[in-house]
Amino acid sequence: MSFNSFGHVFRFTTWGESHGPALGAVVDGCPPGIPLDEAMLQHWLDKRRPGQNKNTTQRQEPDAVEILSGLYEGRTTGTPIQLLIRNTDQRSKDYGEILRTFRPGHADITYHQKYGLRDPRGGGRSSARETAARVAAGGVAREVLRALAPRVQIKGYMVQMGAKVIDRSRFDWDAIDGNDFWCPDPAVAAEWEDYLDYLRRKDHNSVGAMIEVVARGVPAGLGAPVYGKLDSDLASAMMSINAVKGVEIGDGMAVAALTGRDNADEIFMGDDGPVYGSNHAGGILGGISTGQDIVVRFSIKPTSSILSPRASITLEGQPTEVVTKGRHDPCVGIRAVPVGEAMMALVLADHLLLDRAQTGGVRGRIGPEAGDAPVG
Amino acid sequence: MSFNSFGHVFRFTTWGESHGPALGAVVDGCPPGIPLDEAMLQHWLDKRRPGQNKNTTQRQEPDAVEILSGLYEGRTTGTPIQLLIRNTDQRSKDYGEILRTFRPGHADITYHQKYGLRDPRGGGRSSARETAARVAAGGVAREVLRALAPRVQIKGYMVQMGAKVIDRSRFDWDAIDGNDFWCPDPAVAAEWEDYLDYLRRKDHNSVGAMIEVVARGVPAGLGAPVYGKLDSDLASAMMSINAVKGVEIGDGMAVAALTGRDNADEIFMGDDGPVYGSNHAGGILGGISTGQDIVVRFSIKPTSSILSPRASITLEGQPTEVVTKGRHDPCVGIRAVPVGEAMMALVLADHLLLDRAQTGGVRGRIGPEAGDAPVG
Amino acid sequence: MSFNSFGHVFRFTTWGESHGPALGAVVDGCPPGIPLDEAMLQHWLDKRRPGQNKNTTQRQEPDAVEILSGLYEGRTTGTPIQLLIRNTDQRSKDYGEILRTFRPGHADITYHQKYGLRDPRGGGRSSARETAARVAAGGVAREVLRALAPRVQIKGYMVQMGAKVIDRSRFDWDAIDGNDFWCPDPAVAAEWEDYLDYLRRKDHNSVGAMIEVVARGVPAGLGAPVYGKLDSDLASAMMSINAVKGVEIGDGMAVAALTGRDNADEIFMGDDGPVYGSNHAGGILGGISTGQDIVVRFSIKPTSSILSPRASITLEGQPTEVVTKGRHDPCVGIRAVPVGEAMMALVLADHLLLDRAQTGGVRGRIGPEAGDAPVG
Amino acid sequence: MSFNSFGHVFRFTTWGESHGPALGAVVDGCPPGIPLDEAMLQHWLDKRRPGQNKNTTQRQEPDAVEILSGLYEGRTTGTPIQLLIRNTDQRSKDYGEILRTFRPGHADITYHQKYGLRDPRGGGRSSARETAARVAAGGVAREVLRALAPRVQIKGYMVQMGAKVIDRSRFDWDAIDGNDFWCPDPAVAAEWEDYLDYLRRKDHNSVGAMIEVVARGVPAGLGAPVYGKLDSDLASAMMSINAVKGVEIGDGMAVAALTGRDNADEIFMGDDGPVYGSNHAGGILGGISTGQDIVVRFSIKPTSSILSPRASITLEGQPTEVVTKGRHDPCVGIRAVPVGEAMMALVLADHLLLDRAQTGGVRGRIGPEAGDAPVG
């Protein structure tokens, strides 16, 4: 939301470049007394870690996180939590050529234009390695949610790679963790594997992807109109992830084709409050959570670092061709799954705290006991 | 970004409800010396104003803006600019029934759950009337851009209503202002008119829409990684508009289907800096503007206020059917066009100032004179 | 804290100039369900209002506040509360001379240097009339405190005018509201009256003052280290008031002369938690409230608008003498008392909400039941 | 301003505890192209470093700063700069007793009450070791000022220890760096040395101090009314330093005793713009710098960690006596001098950038060429 910080009251700031000595995040505003240790965070970092299978970059990074502050005897103290991840696999090489040309589709040129200089080593600050810091911070957010809203569950998965989309009729939650793509449709996952192999080995190309992240068990009432809407913050959060070009809530872009009758999620009374006949809204109305599943999708563009030559210019304005060698993901979308989950956790933890700032977490009642509103 | 405020250094806060005495916006951080008067703002408010043709709500509001502060002798002084718009067509009626039920697809229920009480008159704060305040604030942003980045041009238009999408081969800039739908394809506009007529008169229904907003002439270098990316702020800005469910930059969700070779916008040297062979990126790389057209699209869901009955519950949890009478837009997307333009202007003005805070507006050079970076 | 806004989660933005049509404040983040009406705010505005006795400016302003948004049926809805105060006694005159010279000790010159232009009518934005908006916003904060922390009581009073300081041995709470100076020492108040009469009628001069504001009944635990300390925010709040040049907490500047033995407020166990043998700390340790009285003092410089000539320069750099005619307070400190109270209320309401964001308002226990810390 | 972050556009966040593995600061929003290395920062950290003479704590910390990000080939890149300082002299001991009692005058009790738990090792987050991180961040701010406003010079010094105040008639700039107290009056410095010796060795006591920080060569026009005033931010900045209880600008609390005639700093035309006959204002009018010296003073209370017993209570509420052994500064004010300088640099760098955001750094002219204001 503001340079390198995100969040209102549960706020984190990331720092670090791809090939510097380390990168990390400082998490501020965390409630006190939350059990936390490095293993809890490492679990999620391992999910994002490169080099785990042939479908992601072969860069080998342990991505071991160290907690440098904010803990005492295994619990948070309410003070800033510094999460540090050392870079270990920065291969030394000559960056002169990279500094003198601009990869088409890459932030090389805009960083140069904005700042007049840039760190060319592995993309510097624009590298997707920054997302390791988010995943670590997201791990803290998950523990906050576990303590304060224990029913919340967050799950991300890939629903499209290139032209190949999952078949929703085969959707299987339990399959998501069972393949290299976090794919809920094992049949399409097998096709993706072949396709990636072809792209990497034959076509010297890369491909885009679409990720969906769902949060279940989110209480109704999170979100703050008008410019702090839950969906507005989710859109900002997801669009801040490298290579993301679109964000949808619920039916997303498809609502343009719906009529009001179709789009209205009808309301019924359940045992434990309102229930809904459908979820076109993706769990958010007027910027505030309904208690339904929160459903967010985002697209990831194919990496611009490919072995196929593309036309470009040099720093001096001369025409050239760029071919990017090195250890690049043919589909960066795969590793964006845990990143999207982390951003969901971070936004929800922040809004949980922001809501209790304003309302004290007190809710307007629906049902026989509905009556005078309590004072928050 | 934070409750009812948006922006980093050029920041505005909106206030007011649909049926209160007035609503408005206070714009803070505006540069001094910018020529400004009410007529400049009224121009844009008139574009958004309801009741101008049969395709929008028949509520009659002059939406006359008054500037209460921040001006001296026709120029901004650098102090807060309060923009006030009186509500004049609030019909008095009994809101008891509205208070006791929840419209499916509407923020009624989430406002109740969050706050324990709500202003039922015309939707209160959740009404799209809030967007009048944004349009007024956006008018100030346009004058800032006119003074500091005079080449910037902003244009919004509708590209889809329901299932009917414009034919890009018929795209005509000059046609946009020539129909009630801000549609660049007059042929489809005629179809839309018939369709809306049917929805309103026969089907008692409403329909969604898709809006595209383009900003031309934006200098390269605006945007601030990582969480203050230009596209991250645009996503937040557009998603904060009532009824928006998806936001795309450039190729948007479609990048999931692209390969890296297709997606890379090739770079060539033009007379006046880099030029590009395509614009899949929508004018933004790494969160920073490239100098190409900035292209943003967003979807608008169909209004939930329709004459067709939908299942719902009462405050006491009893089942009921809701039919919404009153003066509602069958396609709220039409009036979202000037709102999207306003948000684009507001984000760009903010980033223009934020960029000169950090870099002084100095740019890294490309071309024969490229050399040591200047100090910003 | 940021241009014209103050506060973290309970945040207000003021706007307006001395001689424009109106000024006001928008209060954002207010909890829902708080009873509020204009009379509650008017009470405090009347206390600050000019022209009530011969000791303050003879400008006659009713300072009637209108609430334009954020209320429904007498209670706050959680949406922004716009408070509008019309200016009614702006005498028209020729401001050309004021625009062409700079009053020594006044913001005329710095506004000109910063912005290149300024509103000369009554000092424009730099006028103390801005404080009316704070007092109105402070009235909202008081109602939030009344609902959420009903034991809090806030009281401001004058402890010094010129060289004449109150005698603390005569301190009488009940006397504060009984004189025109909010003075707890009636004997010195009588001296002040004579002195002001002399300054106004004979000496054509003005004089400084010192104000003390005390908040009783503030719960322990408010404040957020390190840069959101309660005292850091109070210092910022008070220093933002026109003409303030110093802020003290507890013993303030005098702690420089104390030893550690003298300064340590010894702790004892009371019936209801810790009690203290003294209050050198002014109720704040480590940026967090102790539960003791919060004691803040600030100095107010004498107004620079006096009938005595002072050397200055013109816009063109020529030497000149400035004599300020008009309706000016000989001691602006008097009317700063309700302003200081308002800022105290605003800071406390904000920190009350900020604290419950992070900790849920749960407190670490001291006493027989002390044990494992709860999770906030 | 917000938990552990400070600044508007040049913003830093500190983290870390006294006895954790490390502490540090992340600086965000730094302009690109600024020459920076660790030695530039170490210079200032060495000035603050403990254990350098008998007048400060005997804790031995090299306080070596490492820059982990934001640099490329010796210049800032515009991305976050992480500054890390390892703690090396954390003596292991049993903290059980400290956890079970509260030092009078210390943040022990308020941290416990707010958070329900606290890190007792060396005071945890409330330790003055946090100020090492500020000094490092302040070193970055100094380099920004050196590049963008090279005439700015910042100097801090001690003007009072206990009852012993410097004699301003003996004020000698060149003496400041020549004694262990940063004292501009060598005669009083000798007295302070004897006094501290007595306090430490005989009296088992500590003492307060007063620090003055001056910034010369600051351009007119920095500061942003009303809640982002330069003095408001300076007050917040200085009050956030451990043990500070009062902040003054210019004549500070003493303005209460002045008349308007005395207080008005008369204006004359100099060769290079306005000059002033005096500086009661401390270089700030209406929250905006005048171009004169900016003069800030703050008081530091005596440390509460003394060998003399003070009455207190245990966690269980039982009466006890507290005697604090260990390596504590008898006058923490000495080491506050470089901290105050750092905060001055940080506030000025932030306001320099904030000003060019809004005005582009363009100034209203005074003199023969005064005329139409430029557009910022």
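So that you can tell them apart, the chains are marked A, B, C and D in the order they are listed, and the count of residues begins at 1 in each.
Everything that follows uses one rule, which is that contacts are C-beta pairs under 8 Å (C-beta built on N, C-alpha and C of every residue); 3 or more make two chains touch, one makes a residue touch a chain.
Remember, predicted model here, so these are calculated numbers, not experimental data.
Trainee: If you walk touching chains, what's the least steps from chain A to chain D?
Mentor: 1
Trainee: Suppose chain centres are the mean of their C-alpha atoms. Which chain sits farthest from chain B?
Mentor: D
Trainee: Would you mind telling me which chain pair, C-D or B-C, is linked by more contacting C-beta pairs?
Mentor: Higher contact count goes to C-D.
Trainee: Round to the nearest whole Å and give the separation of the Cα centres of chain B and chain D.
Mentor: About 44 Å, centre to centre.
Trainee: Indicate the whole-number Å distance between the mean C-alpha point of chain C and the mean C-alpha point of chain D.
Mentor: 25
Trainee: Between chain B and chain C, tell me the centre distance in angstrom, where each centre is the average of that chain's C-alpha atoms.
Mentor: 38
Trainee: Where does chain C touch two or more other chains at once, residue-wise?
Mentor: In chain C, 2-5, 8, 14, 29, 32-33, 75, 78-79, 114-117, 125, 225, 359, 373-374, 376 touch at least two other chains.
Trainee: What does chain B use to touch chain D in their complex?
Mentor: That would be residues 8-9, 29-34, 75, 78-79, 147-148, 225, 353-354, 356-361, 373-376 of chain B.
Trainee: How about chain A: which of its residues touch chain B in the complex?
Mentor: Touching chain B from chain A are residues 1-6, 8, 14, 102-107, 109-117, 125-126, 130, 160-163, 199, 203, 205-210, 220-229, 231-240, 242, 245-269, 274, 277, 280-282, 284-291, 297, 299-306, 308, 310-313, 315-319, 333, 355, 359, 362-368, 370, 373-374, 376.
Trainee: Residues of chain C touching chain B in their complex?
Mentor: It is residues 2-5, 11, 13-17, 20-24, 26, 28-29, 32-33, 66, 68-70, 72, 75, 77-82, 114-120, 124-125 of chain C that touch chain B.
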